[in-house]
Structure formats: structure tokens, C-alpha cells
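Listed below are the structures to be examined.
Across the two complexes that follow, subunit A remains constant while its partner is subunit B and subsequently subunit C.
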Partner chain A sequence: MAPTRHPAKPLNMTLAEADMRHGTGQEEPAAGGFLSLQGLGKRYQGFTAVHHLYLDVPRGELVALLGPSGCGKTTTLRMIAGLTPVSGGRVLVGGRDMTSEPPYRRDMGLVFQSYALFPHMTVERNVAFGLEMRRIGRAEVAERVKEAVAMVRLQGLEKRRPRELSGGQQQRVALARALVIQPSILLFDEPLSNLDAKLRDEMRTEIRDIQQRLGITAVFVTHDQAEALAMCDKVAVMNAGRLEQLGTPTELYERPANPFVASFVGRINRLPAMAMGTKAKVGERELRLTQPMEGNIEVMVRPHRIQLEPAGSAATESTNRVQGEIRRTTYVGDLIQYVVHVDGLNWSVEQPTSASATLSPIGAKVDLSWRVEDTLAFKSAG
Partner chain B sequence: MEERKPSWLLKVTVTVLFVFLLVPVLVIVPLSFSGENTLRFPPDSWSFRWYGELWSNDRMWGAFRTSLVIGAVVTVLTILIALPAAYVIVRLKVRGSELLYNLFTAPLLLPTIVIGLAILIIFASVGLLGTRLGIALGHLVLTLPYALRILATALNALAVTVEEAAASLGAKPLTVFRRITLPLIAPGLVSAGALSFLVSFDEVVVTLFLAGPEATTLPVEMFRHLESRSDPLIAAISVLLISLTLAVVLIVHRSIGFSTSFTR
Partner chain C sequence: MAQQGDETRRNGLAIALLLPIVLVNVGVFLYPVLNLLSTSFKEALPGGGIGTEFTWANWSTLVQDRFYMEALLRSVLMSLLITFLTLLCSYPIALYLHRSSGQWRTFLLVLVVSPLLTSAVVRTYGWVAVLADTGLIKNGLEQIGITLPFRLVYNMTGVVIGLTEILMPYMILALLAGFGRLDPRCEEAALTLGARPIQAFWRVVLPLTAPGIALGCLLCFVLAVSSFITPRILGGGRVFLLATEIYDQAIVTLNWPAAGTLSILVLVVFGLSLILYTRALRAFD
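== the complex of A and B ==
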């Protein structure tokens, strides 16, 4: 039996469900998540790493902090763990204010990018360390270490030293070491960045499986948007120390809150336009918008939501279209990538190979069409 | 890695260097078995008489014991001071820790004779001249920079995240230090200790200023002996000193490996 504190829960728990659990929960406050960051901030001399961050993580959810390097995501994680003192705001866990607690009293499990195993101890001693600190009896320590080692599938390697293990195995030990103490919260700081691509995919699934099986609340820092989308219940996109958007992977991808999120999460094409109500003018053409806007805007469309059609095809009510000229085609098996010149800008368009049996030739004039609801529009900056 | 065969030129150069560095020292060994009254190589007759002389020379044995005691005390004091200092400088990064580090290691750059003179002037006014305590304190000035450097390097090489991981698992700062930091910098500690002992044990320049009739160390006693006489007694003592130094190095090597101890 794996060590469990929280009851196992089904996949894809929604916000509403999580809130219902809060209603019946014992120690949680009425509002906010199990982990609640309230106006968390970090200032260094002449530089603010994190601005007034508000973030709620419901019990049992895995939330990613996603952003480019230097966006403050790791600083945020370190403030949650108590490794970096906060300049302002509070960290609450289950309604309890943890802001001024030292790391050793926070009861959080940490998994680092560098694994941070104790090199002078065997796998077994590494995993047992947290339990020894809790003054747990020898028999129970042995039992729980055995369970944790089995959970990360490292049986038979208990007596090895960290340097005798591969990178993936070392990260498994780090995971077991953090899990065995049954922490209230599990914190990951880019845990997969040092692994090669294949191992990374494997560990992704494994971490997600274990996290869901144990129903553990977790925060996962990453700069890899694919990782964040694939693993996490919700993703908090950060930029320059601010939270840009918090949402499910679908929300972030389909309804990004601003141009930064739109271009950081997935790839996107941009086109400047002039908006008048629900219409936007691009040169001679008119595009339909999903909601009324005014003035200079930027229209954005995902590459794989665009259809290529022969030039001059008639527009319909439910689609937008622009004209372009094919500049480059790349055949990559499951899809064809086109670079299409549109109004002086290079757009990228992706077509599944089944839909377009023939490769459109370079130099061909084409119409790019997409559904109105796939049209994202943002006010131009400045 | 592929090993390359050394060229004949490299072999010759290395051989010449070895001869240059080691032969003078190796000459000492046969000299100590000389049967003559003066230091001349090669000796005309062989004997163990100078080892016998050494055995019955109370002054030398007294100085040897003093050197051992001072060396031990200096080693312990050095570690007790350098370890917390290195920790504060490397880990806590307090304001001015860079300055502290430079101040601590500055004696490495100063001519030893200047240090000796400076200490002489200060100690003369506080009555520490000619005492074992005075010599030990003088040696401390020389050993601290080495120890601090070695320990700071060892601490720098230890990732902070390892200590943070221990803290997140519930270990209080002292427990982290005892169970994680200390074992991981043990090689640094051993080499800092060994080096401190050796520096103190064979120190001459500063000790010459501080030693007196009541307290004198073996190297100073040897120096004084050479001033008046040049018999092979010195060679016999030297063989003893070389053996002791080798023993210390061997112990260090056995416990942690030479390359990780002195080259880090």
C-alpha cells in the first residue's frame, strides 16, 4: 500500500468539485485553495522579482508555474518552501499562515532540478532522512522507505550511492525522498530539465500518476510549455514577476488573456489590423471578431487552425480569410508546415497530411481561412 | 580517455625535474648514517652513532615534543576558527564577507619575515615572547589563510540545494550542518587540518622571532644547532622529519585520497 494522506481522487477534478471538497473539508477556510499565496512579493535592491502574486491551489491539484527564465517562478517556489524570505504577502497552507515558519517546519516536499541527493548516503538512507527527522520508529521507517522505493520502481538499488545511478534514477530517489514524509505540499523546481527527451516524457507520466494516486497538492515550476500543458491541472503563466493568466491548459491555449500568453503558450501568427466593432480591416479585407473592439489591434491565429484554399475562394459568414503566397514547404510526415507570406509578414500554417494530399507549390497564391471563433484579437501595445 | 605515449623529450624533462627536486632531499638519508663528525657527502665511514646521539639529546627531544604539542594545538584552533569563518563567508554571504575573506587570506601574500617582525613587536609588549602560547598564536596567523581557503573551496563545491533539501525534510540548521554539511566537507577538513599541522610543525621564520629558552620548536633548535656545529645529527633529525611528514600525507591520502585533498 502506498503512503496516502489524502484520499485518491478521479482525474481532471474541476474547480467546482474542488470547491465542494473545501465545503466539506475540515480545516480549510471558506475561500481560497489549500495552498494560498496572498499578495506574495519579492524585492531585491533595485529589482522586483515577484509582484503581489495571488494564487490559489485547491487540494489535490497540480499547478504549473510557467514562464521564461527570470520571470520569478523559481523565486515564488522558494518563497513557498521558505528558502527565500518574502518581502510582502502571505503563504497559507490549509488556512495556516506559514509565512514566517522556517523550511524545516513547513512540511513540504521539494524536488530540485539538480536532484540535490545526499551523496554520502545510500538510496535507502536518502529516503529515510525525512522520517528520521520526524523521530519515527525504526520498523516504521524501514516499512515506509520500502513502500516509497517501490513506488518509484527502484527496488534492488537501495544500497547504491547517488553517483552510481543514472539521472532518471536519481530524480526518482529525490521524488521518493520527498514523498515518503507525506508532505502537505509537493514542490517541483524544473525537475525534468536535466533529463533527456525520452526519459523526460516517461518521468512526466510517472510524476503525474503518483501525484494523482496520492491526491497530493503540488506546484511544478517549468519553462517548458508542453510539460506544463501535459501534466498539470492548471497553469499559472508568469512574466516579469507578474501572474499573466491562471487557467486550465485548454483555457490558456484557446482563450489566452493577453498577447504574452498567446505567444508563450503554443505557436501563433500575428497580423496588425484596425478594429471597428466586430469587424477588423486588414488592407482591403475584412475580418470578423468574436467581440467588438476599437482602434489598432493585433489579430492572432494558431498555425494548425488555418485551412489553405485556392486564391479567390468565396468567404463565408463563419470564416475569416486573408491572402498569401507560399514561400516554403516542409514535409514532416504527420503534417506539412508552410511558410506563407501575408501582408509583409511570414505566417506559419500546418496542415495534416491526410487533408492535403498534394503539396501546394512554392510561389502559389493561396487563401488562408479559419473559423471566426479561432480568431484571437488583442489591443496593440502603445 | 585515450592515453598518449609520452615523447622522449617529455620523459627527459620530467626526469631532470625529479632529480632536481628530490636528489638533495635523498642525499640527507645516507648522510644520517655517516660515521664522520662533519656533514660531508659521501661520508668515509658509516654508523648509527648520530641516531644514538639524537636519542640521548634532551634538547632536541624537548623541542620535538614542543613542536608536536604546538602543532596539535594550532591545528585544533585553526579548524575551530576557520570552519565557522568559512561558513559565514560562503553560506551566509553577510555584508563585507568578501572583505573578510581577503583579510583572512592576506598573510599568504605578505613576506613571512614581515609578519614575524610585526608579531614580535606586538607580543613583546604583552609578554607573549618565548612562550608556547605565543608561538602557537604566531603560527595561527600563517595556518588560518590555508585552512580558510581549503574550507571555503569545499563549502563552495557543496551545492546549497543539498542543504536546502535536508531542511525541507525537517532538519534544523544544526542538524543539517552535522548530518549533511560536515560529512560532505570532511575531505576539506582533513586536508586543512593536515596542512595546518605541517605548516606549524616546520615553521622557522616567525618562530625564530618568538622562541625563547623556555619554548623552542624543533626546526628552530635545528637552526640554532647548525649555527654552532655542522655534524650529521641534523641529517638524522631531518630523516625523522621527512618520515613524519610522509606519515601525515599518507594518512590523509588513505582517508580521503590525495588528489581530492590537496588539489581542491
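== the complex of A and C ==
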């Protein structure tokens, strides 16, 4: 028998039903998430793709996996789904060790980065496949396939083969095929990469909606930061096979754990400095830090947290300021982007249009000021 | 107008490029076949001569003589059996080869192809040594107290065993050529959707490899029907098939018209299997 942990339910079941089905979480073990990766690792000959990964995803949460290309996101998803054998560590689901379970007993849906549609089946048969494996009655299969096809806006294309579809249409079939089985865990590998902006927005909403309504626990791999920050409960940032930080979008943005996260999530300006306690020296100027540090550090500030003021404005206790010279201005509608030369480095500064009715001219000397709380500081590498 | 000129020129080029192969085919394939056809309507003269008069005699003998009809039936059924067994033995090997990579794959491919480098005659005599009453298998089984109540060679059994092995390389290569559409991700997708490996095989792997299976089966069937050395040696002259009969008529009895008639019959069988093959391919798509 195929796994049928969940009774077949139409996609549009009510919130109350969904609650009953997945409970409110009391039956879960106190520690750890519903999906828990414990020291997961993958070694290929002489190359470690994933290092000791610890990640807990509470039941019903959507966690984004964000990271540069080749950092091990797909490998991680494949290990969770049981398609790639792990080199070390465990995969727990609801406290149960799944590490050695075959993929077909894990009740997980995976949307492949390369879609992996069945080329010999029509759209309809592709979507129905998972339901048929679960021995669901014909009438209900037809019903649920119809809903899923409508959800990804593919009505009218049910009888086509994958090769008769555009890339984005294929991607939506892959999405429907994984969503229609309503697994307890959904794994998305860049599921929206091939869609246009409007469709992508719609699909985000649909995915988020289904995921929340059915209380599905999900991991969502994406390159798109805006997507990760906007639609996920938490974001895990990976780099070179390691988890750099797991946190809510705000935590990641406001309190990045290290320079990699700070510069990977959102844009940021950097300035090398010398720290002595809560003060840091940049040339002759002094900056205040939020925490005492010593030695060579890097000060980082987000572009839109900086105020541009005429040179020589009075400093206050609660702000940091540096001097610079405007090199370039770009007007992009709701804000103006400046490139400001600061101590030999180009900083970018963003100002809302209303605040600076007049564009500061190129070559003008300006003061850049920002609140002490907005000052991020990290020990310099090496 | 210029476009039309272009088109004419391109067509001209195509014809020029195709001409050599067309000429070769007409010369070495079409002409002999037509020749065979006309021979099949001539009278056989003693001593290998061919008469000049038109006659239906060869064809009416063929249709009326139970011996030939049985040989035809035997040939076709035996070849079908051999094709099926070859497929059964080759499919797992081909699938494994398709999934392996690097030097290991190269090594295995060489192993698969290497039998083709030795003559089928040599390999057939090898099988005689293995299957004979005093051969490896019977002897070996007797050592552990098992006596097979039937012979393994000089009968149909021997022919089937020998041809199956001899045709395996062709089958494996044809299967591999046809496995192009088989993306391992598809199988993985089936597994994540809840299919057990056996279900994934039936619903995904097998349909995707069907074109390769069809190609391999066509190739092996044709080769099995037309093989005569192996059936002659391993059949010990007791297994009467179309191909061996053609050989006997042409080389031993020197009855060329009879041999020609049987050859045309074999060609008809091939034509039918080709039609079946194209039908199957269309059905897969």
C-alpha cells in the first residue's frame, strides 16, 4: 500500500477540518520541529556538498532555503526526500527516524528543479499519478486533478504532453503534481523560477494558502530573496554546504549572524574600521558600536537606513556619521539611489523621493548619518 | 522567383547527395531481390540449372507441402521465443549499463561488445562443448547427482540457448540506443509520489524504454529468422527452419528456384515484422 497517512481530502477543505487533521501541535515532541535535520551531511568523492546540517521546521511552517548556486540546497532536499543517501546524520519526521526509509514511504512531495515530468503521460495523468499510487477512487482522482489543474491555471491543457508545453507551464504541472497529493511535507526546489512576475505572485499566494490551510510543513528553495522574505515563516541561509543562519525575515535582515548573511540578504555597505570597546575608528572619525569589540572589524550599514545631510551638520549622540562625495545619482521613481564615495569605497544610499525634493548634485560633499542601532559590526576575516 | 530558384537548388543538392546510396541500394539490394523473385517463378533444372519458362510450380509446392509451412511456423515461433528470452536476459544488463557511468561503464560496454569480435561459428562450437552430453553442464550436474532426462544440444533447446546468447549484444546495444528518454529523475519523481519500485518500473521506466525494446526485438527477430549457422550446428541437422532450408536448397541440393521462393517468403515475414514495429512505435508516442 502507498502511504495514506492522510485521508483523501479535497483542496478546499475548511480551516476547522485542517486543524482537526493536523492537530494543534500538542502531540509533538517538546523539542525539535516536525521535520528535523540532525547533523545531515553529504560527501561526494573528496568533496563535501553538505556539512553537519541542523535544521528544525515546526509543523505547518514554511521555511525558505536561501543560498548561492551550488551551496547544497538541492542536495539537502534530496536527502530529506530520501533520493540521495546521507553520508551522516538523521532525518526525523514527527520524532520518527526516516533516514533509512525509502522515498515512497516518507509521504513527502518534491517539486524538482528540472520538473521531472513523465514525458509519456498527459498533464492530467501526470497530476493523477500520486493519487493513483495512493489507491484513491477514480471519481475522486478526477475531481482533485481538476482542482489542482485549475489552481495552477492550466485548464484546457489537460490532454497535452509535457513536451507540448512551455517551460513555465511544465513547471506548473510539476507544482500541481506535488500539491495534489497533500503530503505531510512539501519540498520545493525553485518551483517558480520559470514564471513571469504576475504568475509567480499568484502561485506564491496559492502555495502559501494551501500550505497554511492544510498545515503542511514545507521547505522552499529559492534564489529570490524577496520571495524568501515575503512568503516564508523562517529563512535558512546556506553557504558552501553550511547553514549560516536560521531566523525570521526580520531577524535575518536586522540582526544577521555574520557578514555572509548580512551581504547575501539585502544590500549593504561595508567599511573597515578599528574597534576599541564600543568605539570604532575610521581614519580620524569615530563611530559608535552597539556592542564592545576589539581589533579589525567591518562596519556595515543598509543603504536605506542612511540619511544624507549637507557636510558639516552637527553630530548627535545617537547617530554615526561619515563624510563622502556624491558620484552618481539615479532616480527610480519612489526613491533616489546615490553612489557616494566614502574613504575610497563606493557606498550606495537610498533616499525616499519625498524627503529630498532636490537632487543633491554630483560632486557635492555630504554627510552620511545613521542611527547607532543600525550599525552592524563584524570581526574582519583573517 | 529567387526563392523558388533557391529551393530547386537545395532539392538538386539533396538528390545529388542521395544518389550514390540510391544507386548502391538498387545495385546490391533491389536487383538481387527482384532477381530472386523472378527465379522463384522459374523451373529448377537438374545440376543447379534454372529454366526459362514461367511456372507457378515452386509456389504451389511451397503452399501445399506441409514441410515448408511447418518450417515457416517453426522459424517464426522459435524466433519469437528467442527474441523474448534475449529481451529478458538483456534488459537488466542494459538498464544497469544505462545507469552506470565513467570507466566502469566503458569497461562493461567493452564486455558487452566483445562477443561480436569473435565469429558466431566459434561461439556456436563453444556452446556445443558446454551443452553436449559429456559437456560442462550435463557433466557438472551429474557430479552432484542430477541427470537431465533430455538432451541440451542437437535439438531445438540447443538452438534456442545458443541464439539467445549470440543475439544478446545486439539486443543490449539496441536497448541502450532506445533508453535516451529515460531520465532517472522521472523514476525518482514516481518514488516521491508514492510508487513502489515495481510500480515505478511498470508505470514509468518500462513505457519510457518501450522504443528501445521495440527496436531490439525487431533486430533480434530478424537476425534469429535469418540465422542458419547456429541452428545447423546446434540443431544437429534435426531442426528444420526456413533459413537452414534455404541454405540446403541453394548450396546442397542446388535447387535455386526453391531457395529463391523460400527467400521471398522470409522477406515477407520481415516486411510484416517491420510493419508491426512501426505500428508499435506509433502506439508508444
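Everything below uses one rule, namely that the second predicted complex is superposed on the first by the 322 of 382 C-alpha atoms of A that agree within 3 Å, B and C clash if a C-alpha of one lies under 4 Å from a C-alpha of the other, contacts with A are read in each partner's own complex, and residues count from 1 in each chain.
Everything below uses one rule, namely that contacts are C-beta pairs under 8 Å (C-beta built on N, C-alpha and C of every residue); 3 or more make two chains touch, one makes a residue touch a chain.
Please read these numbers as outputs of a predicted model, since none were measured by experiment.
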item: Overlay on subunit A: subunit C relative to subunit B, clash or fit; value: clash
item: Partner chain(s) touched by A:272 [first = subunit B, second = subunit C, both, neither]; value: neither
item: Which superposed partner A:88 touches (first subunit B, second subunit C, both, neither); value: neither
item: Which superposed partner A:112 touches (first subunit B, second subunit C, both, neither); value: both
item: Overlapping segment of subunit C (options 61-69, 79-87 or 133-141) - the one that collides with subunit B in the superposed model; value: 79-87
item: Doubly contacted residues of subunit A, that is, touched by subunit B and again by subunit C; value: 81, 83, 102-104, 106-110, 112, 114, 116-120, 129-130, 133-134, 177-178, 181
item: Parts of subunit C lying in touch with subunit A, wherever the complex brings them together; value: 181, 183, 185-186, 188-197, 199, 203-204, 207-208, 284
item: Complex contact set, residues of subunit B against subunit A; value: 159, 161-162, 164-173, 175, 179-180, 183-184
item: Touching residues on subunit A, where the partner in the complex is subunit B; value: 81, 83, 102-110, 112, 114, 116-120, 129-130, 133-134, 174, 177-178, 181
item: Residue ranges of subunit A in contact with subunit C within the complex; value: 2-3, 81-83, 102-104, 106-110, 112, 114, 116-120, 129-130, 133-134, 177-178, 181
